[in-house]
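Look for chain A in each of the two complexes below; its partner is chain B in the first and chain C in the second.
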Partner chain A sequence: MSTQTDQPSFVDRYPEEAAVVRRSLLVAFVMLGIGALMGLVQALHRTNVLRIIDSADYYTVLTAHGVFLAIVFTIFFLVGLYQWAVTRSLDRSPVDIRFTHAWATMMTVGSLMAGAAILLGFIDEVPVSADVLFTFYAPLQAHPIFYAGLAIFIVGTWMAGADWFRTWLAWRKDNPDERIPLQTFMVLTTMIMWYVATLGVAVEVLVFLLPWSLGLIDSVDPLLTRTLFWFFGHPVVYFWLMPAYLLWYTVMPKIAGGRLFSDPLARVVFILFVLLSTPVGIHHQYVDPGIAQGFKFIAMTNTMFLLLPSLLTAFTVVASIEHGARQRGGTGLFGWLTALPWRDPAFTGMALAGLLFAAGGFSGMVNAGMNINYLVHNTLWVPGHFHLTVGTAVALTFMAGTYWLWPQLTNREIYSRPIALAQVVMWFGGMALMSNAMHVAGLFGVPRRTAEPQYSFDFPALFGTIGELRLQIAVGGTLLFISTVLFLSNLAFSLGTPKREGFGQTIPPALSGPEDSPAVLDNMKLWAAIAVVLVVLAYALPLGAIISDNGLFGVGIEPYPMLVRPLFDWAGATLAGLAEVIA
Partner chain B sequence: MSGTTVPAESNETEAEPSVSAATGQEEIQRELSHEEYDPKGTLALILIYFAILMAMWVFMYFVEFLGNELVVVG
Partner chain C sequence: MHIHSYEKLWLGMALLLIVGFIGTITYGTVGAGVQMVDDSGGNVEPGNVSEHEEFGEPGVEKVGENEYDVHVVARQFVFNPGSEVYGAIEVPVNSTVNFYVTSADVIHGFSIAGTNANTMVIPGEVAEITIETEETGEYGIVCHEYCGEGHHNMEGLLRVVPEDEYNGSTQ
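Up next is the complex of A and B:
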């Protein structure tokens, strides 16, 4: 890449902030590497192509894959990207960079604790494990260090959000009449959503799971803790997605040679995420007994509304890149597609990520329907779905965005652009293969989350055999792993390319700017308040019903193996019978 | 958005190439203002997407969901 500009790069202007961003991205990418390896092991194991682990260790692998990728990789990338976005768009440093270092360190320490607890599960001699999967449902129990690490990590993200709000407030003092710059607007709205969403997981971990794993309380209610998990577990998908949206809205049009079509529409989309991300979590619990159908119906309705911001995004982002294509000389109803910069890995990666996200939108609609969900619940369809969303829309966008961002953070060019291009295309191909096969397998009832899936169904020849599906999953998973290795090695080699100037990038203003929208869109307090009200409406009654049915700590998760308790029950019943006879 | 070097009010399109662009990538040939630009291609793509969504939904609901017997394991 020999493209040169006369703008100073981000690292020239903000060296300390660039160091924080680089550090966050490096942690993210180390986790990406480990998580991808675990993904390969799983794909080959459950398809019976290559088994290098014992099936008993499958859940350790699965937990590492889920937590390292869906929590650590995504969120570390988010904090790095958001630190860049806030600093760049407000054109100012954090109020106190030591605070910025503090949250980055807390998040790292928390990740190391949780990660160590998971990986120690491979070593039988050490009595530490956390084979609880990404969802860490009770009654699966992890070592306390896992929950403590998770809590520290989340507090670190809260501090990061506080840091960005603080920077914005300082900017606000100097610029009382200006609209919030779009990238900062996106960061602030994401963090409001995150503060609301993480209340659920904070209560789940600090009040229930951590004391339970420490032996301070005897039991927890699985339904209550599951519900608290999904209070957080659905909005977290938007926490992954919103940084990808930030790149699609603000960076992709620039790379395409155009301008964002509508700044107001982008703001509306992010506000809709603030309002609707959290009061939907119960749609993950359609088959959970103990939650009334009516509450599930409310969650479904909210979920269907939540399709709106993603459909708005499809319009705005495609319209923005079409603008770029037409500025590049593209013509015709579809001919403009050929004028897009397909040899730019940052563009192609994000565009292909968006394409697979459109497919993921469809499978998401199926998941969201209360009735049709029964068709696919707990089958391989569901991982097929989220490998299109977080596994591609988010992960591939992050990797593609890195090809654009990294030179600005280091003043070094990417080692090889052709390898980068091959890498993003390989990810797309591998995921198309693997995810498609997972969806089809799910339709036939192949279960998720197992090392030993029972392939005992009849498959119509029209859709291929189970053997073909397994092969597609194995080949797709292998391509994804190779793609990850190409990404990481390309980036590692980029650490050694010579430093030079000329990597500065500006982001052109939107075609329809913030002045075209009402100022109320920037009223963060208002949207936060409405979001809280919606969450209370959606969750107060179901949570109240669960607690009044089972109490705060449940009716008791029996210890396993059960030897002592039944004896007491039997003795108690006998004594009661005797007492009746005597009376 | 107000970039650091481009004020929000500016209508000037940045001609600078992307740092990730291929060598020799063609530059912008013309500038299209908000008034001059009509995203017809986007509309066409979105209509195709909706048609696919509807067809797949009909298939999923009527063929896969209603057409299949219950799977009882065990």
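Up next is the complex of A and C:
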């Protein structure tokens, strides 16, 4: 958390921008609260500890948990953080703040539409639902407002990216010879990746799913649409992760008392993400029929090379905090660890998030192993994995980062530091428990995405019992929910702490600065072009093969549930009737 | 570009790890012969599954000495055969079993609990996986992809029986 300084804070210098950041974060945290509640319901329902809903409604809960947390919470936090990072590191306002407000509004409207479609699934009397889970695989069908909301939300993120590129170009005019400041570099590279990645989902939604849900086209091909989903579905995980990396690279070393070890390596890492995040999506389809083995092999090798930026990050981040610890008087081979600011929830939260990310990285390597994937595909192992990555590396880093950033956005102290510290430790403990049990249960074959993994046969537990694992999941999930409540209430109480001055923070330059790296790293056009070429190489043939086998729209695929079309037929019949009466 | 010597060492080790991983996967494919589910099963029209030559009457069929083909149709929320209403899939031990699985409606999953037999079942596509039956016993079959509000009830049974007890019919 922040110490007293004589610097003006972010809100002192950029009040309008700070308001945009605060609002984005608030939307993110409201979604975090709802999503966490859904998570608790699931953890207790699946394990048969407490079932307060029908099992049929479990999938509505699961859809809300996935979409609210993995899309709305993460991306609203991202746009807030990135708006702060661009403004701060370029030291200038957006070219036109009305445009900034416009994208924030678009994203909010899109989220509300998609969110409403999902939550109306709880009310059987209303023929609107989107019980399609985070992946919305056709021919499961959602109400058109779900797809339309999603499209509007994504267009909002595109506008946000355009806004930051515009700010950067304006800055470039005034500073023709300077290197791009690191935080802005990270924002721009993230957005290049995002533009490439979202092409897949944009085509999926706008060309196929939305017209299909409106009854404009009869059928869509399940394999083609899910391949387009995963074109987007893997890089989106880096869209979650890159803001966490931004905090680890630029904020964490400072909190640890030092500075970033290497600015050039940080740039290389983000460029590797631009290049390799997208041409790997088929690794989610290792056991899909209809895709040749060779394409899966290519996705596998690309995926393995995508380990490189994360392994480099592990080095740089640890080296940076070790440097910080030694600045604080730490000594010895491992003795420096004790000199770190463990009482600071911002530091401890990020450090624990990084620790669990390492574990998540290892389970991810297993997922990436094409033929080992048979053992774990669609088992509970997989959500065990991504609760370590997006559910901890990202979510816990965001919460910890908020403890550091919030005072600079409001000029108000965080209400309670001990509660904040307890909160991040509780998240770590709850997640360690829950995710470990999920991994193990997955190895025994327990499937993910099911309301009642209790079948007429028993899963062969190789050690321990399925009952013990269920208990760990229930306890872990409960701890995570309590941790979320502590975070949100601590933040809510922070709205009422007295305003004061002295929250300004600076970020010290890296030990090895940008002047140590070649200028070509800052050539955004070049990296964008190479990224597109790699995507074309990875996807042209598989997509071509699917379309030549199945046609663009598939044959004879009926949507499920049959809710929307009768409604539209009914509306059409009513309109036709009215027209007759009037005529 | 300036890179610290420890960082160079780390970079080298990371690359070695990555190449090592790719090597083990390649060995698994080429050496150990673990083939991925691919496009070999061909296509079938989901609406016409019941008129399909094989999927019209799904079940176990002996196709060679110790080799069996099993055609399975997945639909909300049953496997035919496999689920209770259709009877368990029964095959003899020490045989090669080729599963051909397709869907008549939405996307399903097909995995045999406790083994690595695991595939997506996508309408329009036929998933082909081959297993060797090495131990007798009953194995649960799970639909592991959300397929609608009764998804959690979608299960089946594979019974691997001693050769002399095998009578060649689905039950």
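Here is the rule we go by: the second predicted complex is superposed on the first by the 546 of 583 C-alpha atoms of A that agree within 3 Å, B and C clash if a C-alpha of one lies under 4 Å from a C-alpha of the other, contacts with A are read in each partner's own complex, and residues count from 1 in each chain.
Keep this in mind: contacts are C-beta pairs under 8 Å (C-beta built on N, C-alpha and C of every residue); 3 or more make two chains touch, one makes a residue touch a chain.
Given the structure is predicted, the values throughout are model-derived calculations rather than measurements.
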{"item": "Which of chain B and chain C A:His45 touches, first, second, both or neither", "value": "neither"}
{"item": "Which superposed partner A:Asp221 touches (first chain B, second chain C, both, neither)", "value": "second"}
{"item": "First (chain B), second (chain C), both or neither touched by A:Gln183", "value": "first"}
{"item": "Which superposed partner A:Lys296 touches (first chain B, second chain C, both, neither)", "value": "second"}
{"item": "First (chain B), second (chain C), both or neither touched by A:Met365", "value": "both"}
{"item": "A:Ser512 touches, of chain B and chain C: first, second, both or neither?", "value": "both"}
{"item": "First, second, both or neither for A:Leu375, with chain B first and chain C second", "value": "both"}
{"item": "Which of chain B and chain C A:Arg23 touches, first, second, both or neither", "value": "neither"}
{"item": "Contacts of A:Glu452 with chain B and chain C, given as first, second, both or neither", "value": "second"}
{"item": "Intersection of the chain A residues that touch chain B with those that touch chain C", "value": "261, 315, 319, 365, 371-372, 375, 445, 457, 512"}
{"item": "Chain A residues touching chain B - in the complex, by the definition given at the top", "value": "1-3, 5-7, 13, 88-89, 91, 178-179, 181-183, 250, 254-255, 257, 259-261, 263, 314-315, 318-319, 322-323, 325-329, 332-334, 336-337, 341, 343-347, 358, 361-362, 365-366, 371-372, 375, 403-404, 407-408, 413-414, 417, 420, 443, 445, 454, 457, 503, 505-515"}
{"item": "Of all residues in chain C, those that touch chain A in their complex", "value": "1-4, 6-7, 10-11, 14-15, 17-18, 21-22, 24-25, 28-29, 32, 34-39, 41, 43, 45-48, 76, 84, 105-107, 109, 111, 113-128, 138-140, 142-153, 155, 157"}
{"item": "Contact set on chain B toward chain A in their complex", "value": "1-14, 16-23, 25-34, 37, 39-42, 44-46, 49, 52-53, 56-57, 60-61, 64-65, 68, 71, 73"}
{"item": "Contact set on chain A toward chain C in their complex", "value": "55-56, 58-59, 62, 131, 133, 137, 139-140, 221-223, 226, 261-262, 264-265, 285-293, 296-297, 300-301, 304-305, 307-308, 311-312, 315-316, 319, 365, 368-372, 374-375, 377-379, 444-445, 447-453, 455-460, 512, 516-518, 545, 549-550, 554-558, 560-561"}
